[in-house]
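In the two complexes that follow, chain A is the common piece, with chain B as its partner first and chain C second.
So, the complex of A and B:
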């Protein structure tokens, strides 16, 4: 009886732990290839977004609205419109950030500012769906295939100190990301939902300029 | 002396084989001694030693952070991404052999992965000085707190918020930026950015690799191995990316190779020149001994230097060897007198007649070179011993040995230039005045141009600087700022604490001058223990007075922006904990160990802390005045070093010329006992020096250490010519002096003139200056002296 229970436990352990890994590995590769292929068609991407922050540092949930714009190869705009107008634009290695509440505006270079360098690298990787870079940096697990939801676990110890995992949800046609959730080790969470994604539409000339 | 010479001549007349055996034994002995010599290939022999300021400064300059390091500048062509450049840099770094390139680094590594940014703020209480506390007081107003918290909120809402959240909780008022500013003073590379832990230039097109090496900067052979290994490693670089090694080694190697190539060329050219002279003027096997004379002199010089000094400078050997070429002159005078001269009273009388000018000529040269014994430069002292031993040997060989090995000539008087010239002066008396007039014109012009002569002791002027290396240095400075030539202040102490206290004094003085942004110093990040404790106490008092008010303000403003009540608890906790004390180990743990080690030297139980700042003369002079009297503080500057060296060379030169001049005049007075003859004998040397200085002034050349020795050489040779011509004019015997002087002048011109072809600036400048001097001294001796005083007999 004891032997049978032990064997059952072992089998259960195998199915719970090993089998999903095999299944994931089998299904993830073609899926990632498909996502990569779809992203390669993206020249520009723009979308309003809603950001929800559940952070211990804030007294309550903090909602904000903003706009995200990307243009190949390395142009970005991340702008919050509420509760305070702030954000940054990136043009290659150089960029500018602003905060209308504190009336601050400054230039930066990703080579000089390691934090902005890291953020720019992350956002560009997501916008391009640069899966090679992401796979090097995260262990990727497929949560659901329809819609595609991935969990990304940081491989880097430093990043793993504060990020538990990232949850990425793709659109139904798998052409772009529609939601990103970041779960921190402390339990804090941030969710960004892209509401009206436009792919390869013409961008205004001021797309990568600081708002006046 | 002359009687001894006569007696010796008589004694050895029938015992020539004894002389040959003696010469052979001495040669074998000298050869053995020379084979044991160790020659040091370094320019340091030409810099003052002992306790002089210049010697001290030179030693200190060698301690400059980048003076003792290998700097590899990696440059990418336009269009190459910074990431590709950094990847190539890493490939190159790994391809460098570890036995030659010790501990190569292409950056401080991932500083973000070190505890630096987590811990730096904890040390603010011991780093913040009074000015910082004033700044912090300004940051605690209601308006400023509002601005800070608004900025915090904006940061938290941005993607970077996740990274910055912990920091914002710990430092909502952004006080840590004051500590961050202090970190900048540890950066010795002004134009540097960091990308992925690598050094990257601001334009993103250049990166750096820094390495140590065990190969001495002056080791040419080691330098060759280093450069070969570097060239091999650079083959790993992809197209469009190049790397240049910047250190003392390429210069040493370029200099050594240039000197070797120059010497080959010079030896071939001067050898051909000497052969031509041999066939034109000597044409006898017995004259070969005359040409061997400098070799014997050189061997004697080397043996003497080896006996007096522990190590011999390569500069001494090289320059001494060239210089002792002049000893051929004594042989030539004896040879010509013996072979072509005439005296009714026989050979012994002829020897007595020629021995007097040869002996006095030798003595004046000895006196001229002996003054170099008092030089502050070890190389010049070695050179003095070398020259004195060589000249003494040459005199002995010329007077005691040579007459026994030179046969009597049969063509006596057949081609006497003297007779021809006397004839011309006798036939055309006006020609004498023409020669004197021309001499006056040339001397006047030379004197006028000599006023433009400047002294320059810049070490670079003494070395061969290939254009490619100069260009590489220039590009390095343009890309990364002034890394390698900043002035330094050393704060020393018997213990670390006292050195740190002095280092702080230096920093405070530089701060008062308003140049702190251009200064590299450990003082802001690593104050003395005493200062840290005082600052910590000041910090505690500062917050005791303000904490309650500030807490209320932060709470109220925080609420306005949606911050929770415990949002900044870590800040208040940190504020109420005793701050840790800063030490070098902490900075090392932050990945900045290299910056610390480049500014910190522990040697023989003494601690030295370096402060680097721009090498501007007005700044140096002002600081020198302020720091001059401070104990344990020394300022060292390349520019001031060159100035001091120039001054010392100037003083040395004046002393040498005065001493040599006085010694020469005394010897001439002893020889001639009449002022007019003394003045006549001085004409070639004075004209030679004047034309040398005037020519240099006219050509825009500056006086350097080697030209000083060249001037002594002109004095030695010029006086010899004067003595011979005046003696020649006085004596009844025909000593064939004009011919001897002509051939001797031509051999010197061939020897030194060949140096004009040299690419090495030191050799070229010696060649040019001696050429100028001798070109004037020889015609003055053979044409101007007879024009003033025709031969009496």
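So, the complex of A and C:
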């Protein structure tokens, strides 16, 4: 189900600087405590990002870029700037999405739209450090501690049919995520790198509005 | 993704799609190419393999759905393979089309459940990239800055329009096996070859419109 809702929800979640938990690996606990503490201090996050999509069948790498913004407790913006301007904003239960090609602007409610509802559920779960929710969905392994790199393996068979694993890399000071990579069973990979992360900076009033 | 499925289900509804916008042909010039020249310069008649990154807008049933796409077009073998993604890079479907067949390599479950989804998209791609070819015995008509080649038979008519630069600008097919128009605009050079970077296909029978904007192109 997570796969069906798109990578964006995963990325948004991980960008909230909340630590995953591996019940089988007790050595993770001090690290997770540290990451959880950092997440609790976060009021806002914003960063440009670069998205690299590697298509295995064509041996082709496709580049896109965009902007991500989050504000506690449940405001967010996911905007792709190139090559196709599109994105969505979420304000609590309600949001809007847009696309330059279709020139359409569409309102949605997480209570009526199951896809956006799932995204909001994930975002809120992570913002609230809902570890039960995360443990139920992924088996998590610590790859390296410096920098912190985690691998997440989906427990759901449907999701595992498509996704081999997710790799999450934190910044050197462990205050935020700097890169997320989704490795698919097909051989495709999507890597999103957050290039200039700002934590707890003032956001423009238009941060959660559809662009004019 | 539910939105995708719901949208595609609308393909069978009766709402009309928007018309193909009027094309702008170069003026103050005469289109005087021979049939042989028109056939030789047709970008779809080159023995090349293209790798095209494109944005796609699919319209049907009064709705529209934007996609990011990467297309491998083998004009030598008559084979097109499209991988379509959403804005997060998630692959929605991977479809390969030939002049006579198609194969859906993969698709998200919601798309696999939609009847005739792959067939409908394959047909649209075939109209655009693997259409009927003009022939040397086609009827040639010169109209100042436009030339037209026509194939007329009992079961269908196919018209090919060219501008004064010799670029293929429209293919119009009407007959028992279809009723559609493809408009090729905004030619640009990639790897020293000219290709259209804005393509609009309007299938009047299926009430489906597919618009493509080529962002990047290169030879394989």
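Simple rule for what comes next: the second predicted complex is superposed on the first by the 166 of 212 C-alpha atoms of A that agree within 3 Å, B and C clash if a C-alpha of one lies under 4 Å from a C-alpha of the other, contacts with A are read in each partner's own complex, and residues count from 1 in each chain.
Here, a contact is a pair of C-beta atoms (placed from the backbone, for glycine too) under 8 Å apart; a residue touches a chain by one contact, two chains touch by 3 or more.
Quantities reported herein were computed from a predicted structural model and do not represent experimental measurements.
Participant: Considering only touches as defined above, state whether A:163 meets chain B (first), chain C (second), both or neither.
Facilitator: So A:163 only meets chain B here.
Participant: Report for A:190: first if it touches chain B alone, second if chain C alone, otherwise both or neither.
Facilitator: In the superposed model, A:190 contacts both chain B and chain C.
Participant: Per the contact definition in the header, classify A:111: touching chain B only (first), chain C only (second), both, or neither.
Facilitator: First partner only.
Participant: Tell me which partner A:84 touches in the superposition: chain B (first), chain C (second), both or neither.
Facilitator: After superposition on chain A, A:84 lies in contact with both partners, chain B and chain C.
Participant: Which chain, chain B or chain C, ends up touching more residues of chain A in the combined arrangement?
Facilitator: B
Participant: Looking at A:58 after the superposition, I want to know if it touches chain B, chain C, both of them or none. Which is it: first, second, both, neither?
Facilitator: After superposing on A, A:58 lies in contact with both chain B and chain C.
Participant: Going by the contact rule set out at the top, does A:99 touch chain B (first), chain C (second), both, or neither?
Facilitator: Both: A:99 reaches chain B and chain C.
Participant: Between chain B and chain C, which residues of chain A are contacted by each of them?
Facilitator: Correct list for chain A: 51, 53, 55, 57-58, 60, 62, 64, 80, 83-84, 86-87, 99, 101-102, 104, 114-115, 158, 182, 184, 188, 190.
Participant: Please give the residue numbers of chain A that touch chain C in the complex, ascending.
Facilitator: Against chain C, the touching part of chain A is residues 3-8, 11, 51, 53, 55, 57-58, 60, 62, 64, 80, 83-84, 86-87, 99, 101-102, 104, 113-115, 158, 182, 184, 186, 188, 190.
Participant: Which stretch or stretches of chain B touch chain A in the complex?
Facilitator: Within the complex, chain B contacts chain A at residues 82, 111-113, 147-148, 150-151, 153-154, 156-166, 168-169, 193-195, 200, 202, 204, 559, 562-567.
Participant: For chain A, which residues are in contact with chain B within the complex?
Facilitator: 51, 53, 55-60, 62, 64, 78, 80, 83-84, 86-88, 93, 97, 99, 101-102, 104, 109-112, 114-119, 122-123, 158, 162-163, 182, 184, 188, 190
Participant: For a test of understanding, state which residues of chain C touch chain A in their complex under the given definition.
Facilitator: Residue list for chain C touching chain A: 1-3, 51, 53, 55, 57, 64-66, 68, 70, 72, 81, 83, 85-91, 94, 105-106, 108-110, 211, 213, 215.
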